[in-house]
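Two complexes follow with subunit A in common, the first pairing it with subunit B and the second with subunit C.
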Partner chain A sequence: MVKMSKVDSKAGYFMVMPYLIYFAAFIAYPLIFSFILIFHRWNIVTPMEFIGLKNFVRLFKDELFFKSIINTLIFLSIHIPLQIVIALFFANLLNKQIKFRSLFRALYFLPVVVSSVVVTILWQQMYAYETGLINQVLSGFGFKKIPWLVSPEIAMPSIAVMATWKNVGFYIVLFLAGLQSIPNELYEVAEIDGASSFQKFYRITLPLLNPTVVLVIVLSTIGGFSLFIEPYILTGGGPLDSTLSAMLYIYNQAFYFNHMGYAATLGFFFALVILVVVIAQRKFIEREVY
Partner chain B sequence: MNRKISTYIPLLIGAIFFAYPFLWMFFASLKPETQISELWLLSKNLNLKNYSIVFAKIPILRAFFNSLLVSTTITLSVIVFGSIVGYALSRLNFKGRDFILLLILFTMMIPFQITLIPTYVLIVKLGLVDSYAGLIFPGMMNSLAILIFRGFFTTIPQSLIESARIDGCNNLQILFKIIMPLSKPAVATVGILTFTSSWNEVLWPLIVIRSEKLMTMPQLVTIFVVGGQAGSQLGVQLASATLLALPIIFAYVFLQRYFIESLARTGLKE
Partner chain C sequence: MRFFLVLSLLFFVLGCSFERKDDKDQANKKLKYWCAPNPEEIELAKILVDKWNRLHPEIQVEVQPLPAGQSSEEVLLSAIAGRTTPDVCSNIWPGAISEYTKAGGLVALDEFEDFDSLVNARRIPVELLESFKSGDGHIYQLPWKTNPIMLLYNVKIFKEAGLERPPRTYSEFFEACEKIKQLGIFPGYTDIRPIWWQRFFDFYPFYIASSGGKTLFKGENFDIDYNSAVKVFEFFRTCFKMGYFPITNFQVDPFLTGKVAMRFTGPWTIAYLERNKPDGFEYDFAPIPVPNDHQGKVYTYGDPKNIAIFSTTKYKREAWEFVKFLVSEYSDSLLLEICNQLPIRGDLLENRKFTGYFNRNLKMKVFAQQTPFTRGIDSGVEMKEIFDAISREFEACAVYGVKSPEEAVRNLIKRSKIILEWSK
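Let's turn to the complex of A and B:
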């Protein structure tokens, strides 16, 4: 260990300054100010008015906010399983001895790097009821057209499918890295013991992939809770508020109605929900890998 | 042989599934309104009319330069300041170093939803609404970048640093003359990561920028499509989306391996 010298210390404090300034301005200050805002009514123009816990009283009576949280949870409950299944499927294929692996990987990854604004505008056309690509293909095969964005029951699942298409390439790459770290000998031994490919997948691949699965679930949960621009462009939260995500609701409260204090309260409460969900996921899904 | 087919066919279907929509978007943006819904790409009537409408209606070139300016500034700042902090946390010994590292790890877990509105209030108080500074300031530092630099710097042999010190280099000189040239992979990772995420960022610009002149590209395209300026003209909307997609796809074609590795690093950070 290198001895701590005075010169080192001085340089050290000097060089961590950029972070400390950033921390003070964009982490500590907003956190403290958020804690003040939640007890006030404020439209940013007139002075702040202290209202005690009224923001929370209002929050717990705000049915639309809870609906928006449930909408977000519906989104997650479709998006995450779908994402894992599709990502695992393609990662498995890519992990075989194949040609053009990096080309395939690059194509699957393409939607990840492109802005979600592009993806949303593109899918708006694909989901269109009369002229949309998907419905055209469906009716070409003799199926009924599906009201992707028009029906309150289907609109949020449609957005979840679109988000999966956008993000799954990222998770394919993560799973592929996970698969490549599993030693081949394990499969060879299992083969000698007469294991079927399903058994091999269930008894070797899945348990050893657990850290990646946890990672994928946590990352896509955090991503999913920030669902905003997709419904903002696609549906504006409709039909019948069925695609109103919590983030979109908070955005509207803050920047459409100028309810800064209330929006800060919603953000505060929603952040707690996110933390609880993520911690719970880790607790229930994480397994010791031996 | 059978096994091979059962591998390549789903792989190919996947490739079509992920890439065809982008191709379709590009060709549809060149078609007249009545032909847009066609599944097939080509048509006799391909032209640039939709693009000329986009250029006439919104300052998209200006938005491109705004995005370029904002994303480049943020990326350079994150590389410079992130590496300085990463250096301090990996190569210097001082009291409180481990505490700062813990602080960084801890604050990374805070959901941005809690700080979003107070940060906007801060920007309002500083008078930075509708300014480049309002877009840039909150992005100038990044915890993940610090961790990536710190991790990479720990692998550099101490002897190199010692000999530079004997030659009379101070810490900043050691960092920028000796260490950074050896850390190109870390710089590339942080650079691509920061640039892509700031290029694609749309929520923050929607919050702090009101004047059309200062809008970033994703924001301008969003408002163009949502705000009704594009009318119900699908071709025009697709043309604006194509213009927004092109720069990053262009970069991706040349740097795809780095893109994939860098972005995957965000997932493998722990």
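Let's turn to the complex of A and C:
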């Protein structure tokens, strides 16, 4: 009996080996290496140089990095509410008995599976000041052209709208699942009590959707913090660094200036910021539901 | 038995071939030379290498354009990391030298006993040579060619606007702009993208001119001339604020299409303009405008590219002989004829070998006259990020006007110091 169990456990180790190798090569090793890099200066070419806490000293003096974090927070403050409102609206619609419901569900999910680079290049052409489709339509109706990506005030909201369009399908699916898990009896009782549609939504749907709302907020916060492809392709971080996201700044430090150690420090610090924000969100938004 | 027979035969064959290879190596030393990947320089390199190979059958050189990459500097850094560098490369940007030397990638050229005689023969200005010296006092790059940045202007538009000569000072420049603006044409243009190297064509040459030939560093310390930098930011701020320069990028060259009357560029533009100019299009070059109170010669950025030998070379002495050939009078005259680029040498306008070329190419003469009054880029560390910081301040102060020139220079100094303190 004892022998049997020994053989079993060996086979078990063998079975989990692919995952262990994957974990060691792609998660543990990069993480440990990045942690070591925090205390070093390394430009890939010259040997690593131990510099103690110098990377942190630079980080706390780096105004541009803090500006990039503020830019990311601005993006999140537009992107998350917009995403929740739009996703909830469409999830509600798609939860009703409408014609071509499956087709619409698939259509709204389409941008999620299309490559971000392709979507961004498409929007870049639509946002173009002189030749872009949106400005041409606006001009056609006699409105002034809008400098979507050239104005420091409008560029980040433009990116937030684009990112919402790209990701909203995923959150619609989450909300749909949440809506379908709400028992119908609750609505029936509310109807008997004479509740209006708004009251049903505000008193039943919204409270019972709280776990999904929390999930959507947490997921889109983490996703939003890693904003990179959109500003990298659309604006390069400009104009006036208004779309320089924290991830783009970290990328520039690592692969544009070859400051691997400093970029690793920024990366760890930024992960800490995300952790704090997510914990705060859960603390303030999460509610017990029945 | 048969197995051993086959094995011994194999050893015999391999042994013979290795022996032969060694013999070949002894008789025929091979050098690899990387040139810039533009068609003119590839053509020049092929002609020079052909001649060298005919003259030196014992040292054969193989030419290859710099492999494709985001920039030559990144390609060379990767090559140093992978120890796949060539023996010689002629597209060395002085701003990246310190990174190459820090990685132990280059051979100190001043250690060759005939280095001084070579430099003297080319009559390279002493202060220019000094500016290429690395922090450890050695010279790892041989000054090769320069492309001074100057003011390019449309002669016809100038005539229409009633301007008799190109502007020499900031006031003259603004007066000219006012007159040109009345014709419905943008007086000037510079690329507004905040890309670090873009400032080599506006802020940096203007700063060198305004400061009387100063660069950004003194030794290893960031030592920007505050007043000169403020004046330059103020100048560009006025240009954008008054609508003299458009805050946009053009799809088609605005200078060739007559939408813009002035630009700041180097001599490579001549070949481009000659190829593409419409009938009757006239242009000329002039020194970079300077502040009204400027005294003395007008300096500019020389955009130098130099030659270096990499420490991976097996044949240091032979590589040095090849480098000497690359900067000979013969090679320099071909550099002028084929590439329209100026060799860094003090006798450009006096040496009879080049007289014919300058008589045929009068516009290049203007650049040749400017050559002794050029400055390169400091070979300090983190030049790329410092120019990135300049670009950000340029965008904020000059293009969008949200910072005053004083604030922009103060921010630039502050950020540069943080970058340099970290890198020490």
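Throughout what follows, the second predicted complex is superposed on the first by the 286 of 290 C-alpha atoms of A that agree within 3 Å, B and C clash if a C-alpha of one lies under 4 Å from a C-alpha of the other, contacts with A are read in each partner's own complex, and residues count from 1 in each chain.
We adopt the following convention: a contact is a pair of C-beta atoms (placed from the backbone, for glycine too) under 8 Å apart; a residue touches a chain by one contact, two chains touch by 3 or more.
Everything quoted here is computed from the prediction, not taken from an experiment.
Peer 1: Do subunit B and subunit C fit side by side on subunit A after the overlay, or clash?
Peer 2: The answer is fit.
Peer 1: What's your read, subunit B or subunit C touching more residues of subunit A?
Peer 2: Of the two chains, more subunit A residues are contacted by B.
Peer 1: Check the residue A:238 against both partner chains and state whether it touches subunit B (first), subunit C (second), both, or neither.
Peer 2: The second partner, subunit C, only.
Peer 1: Using the touch definition from the top, say if A:187 reaches subunit B (first), subunit C (second), both or neither.
Peer 2: Touch status of A:187: no partner.
Peer 1: With the two structures laid over each other on chain A, which partner does A:44 touch: subunit B (first), subunit C (second), both, or neither?
Peer 2: In the superposition, A:44 contacts both subunit B and subunit C.
Peer 1: With both complexes overlaid on chain A, does A:66 touch subunit B (first), subunit C (second), both or neither?
Peer 2: neither
Peer 1: Once the shared chain is lined up, is A:56 touching subunit B (first), subunit C (second), both, or neither of them?
Peer 2: Touch status of A:56: no partner.
Peer 1: According to the stated criteria, A:201 is in contact with first (subunit B), second (subunit C), both, or neither; which is it?
Peer 2: In the superposition, A:201 contacts neither subunit B nor subunit C.
Peer 1: Just to be sure I read the superposition right, which of the two partners does A:257 touch: subunit B = first, subunit C = second, or both, or neither?
Peer 2: Second partner only.
Peer 1: To make sure I follow: the centres are taken over C-alpha atoms, the vertex is subunit A, the ends are subunit B and subunit C. What is that angle to the nearest 10 degrees?
Peer 2: Value: 80 degrees, nearest 10.
Peer 1: Between subunit B and subunit C, once the two complexes are placed on the common chain, what is the minimum CA to CA distance in Å?
Peer 2: 6
Peer 1: Which subunit A residues contact subunit B in one complex and subunit C in the other?
Peer 2: 44, 236
Peer 1: Any idea which subunit C residues touch subunit A in the complex?
Peer 2: Touching subunit A: residues 77-78, 80-81, 99, 102-103, 105, 193-194, 382, 384-385, 388, 392, 395-396, 400, 402, 415, 418-419, 421-423 of subunit C.
Peer 1: Can you check the complex and tell me which residues of subunit A touch subunit C?
Peer 2: 41, 43-46, 54-55, 57-58, 61-64, 152, 236, 238-241, 256-258, 262
Peer 1: Which of the residues in subunit B end up touching subunit A in this complex?
Peer 2: Touch residues, subunit B against subunit A: 7-8, 10-11, 14-15, 17-19, 21-22, 24-25, 28, 36-37, 39, 81, 84-85, 87-89, 92-95, 97, 100, 103-104, 107, 109-122, 124, 137-138, 140-141, 146, 158, 170-172, 196, 199-200, 202-203, 206-207, 218, 221-222, 225-226, 234, 237-238, 240-242, 244-245, 248-249, 252, 256-257, 259-260, 263-264, 267-268, 270.
Peer 1: Can you list the subunit A residues touching subunit B in their complex?
Peer 2: For this pair, the touching residues of subunit A are 2-5, 8-9, 11-13, 15-16, 18-20, 22-23, 25-27, 29-31, 33-34, 37, 44, 89-90, 93-94, 96, 98, 102, 104-118, 121-126, 128, 131-133, 136-137, 165, 169-170, 173-174, 177, 215-216, 219, 222, 225-226, 228-229, 232-233, 236, 247, 250-251, 254-255, 260, 263-264, 267-268, 270-271, 274-275.
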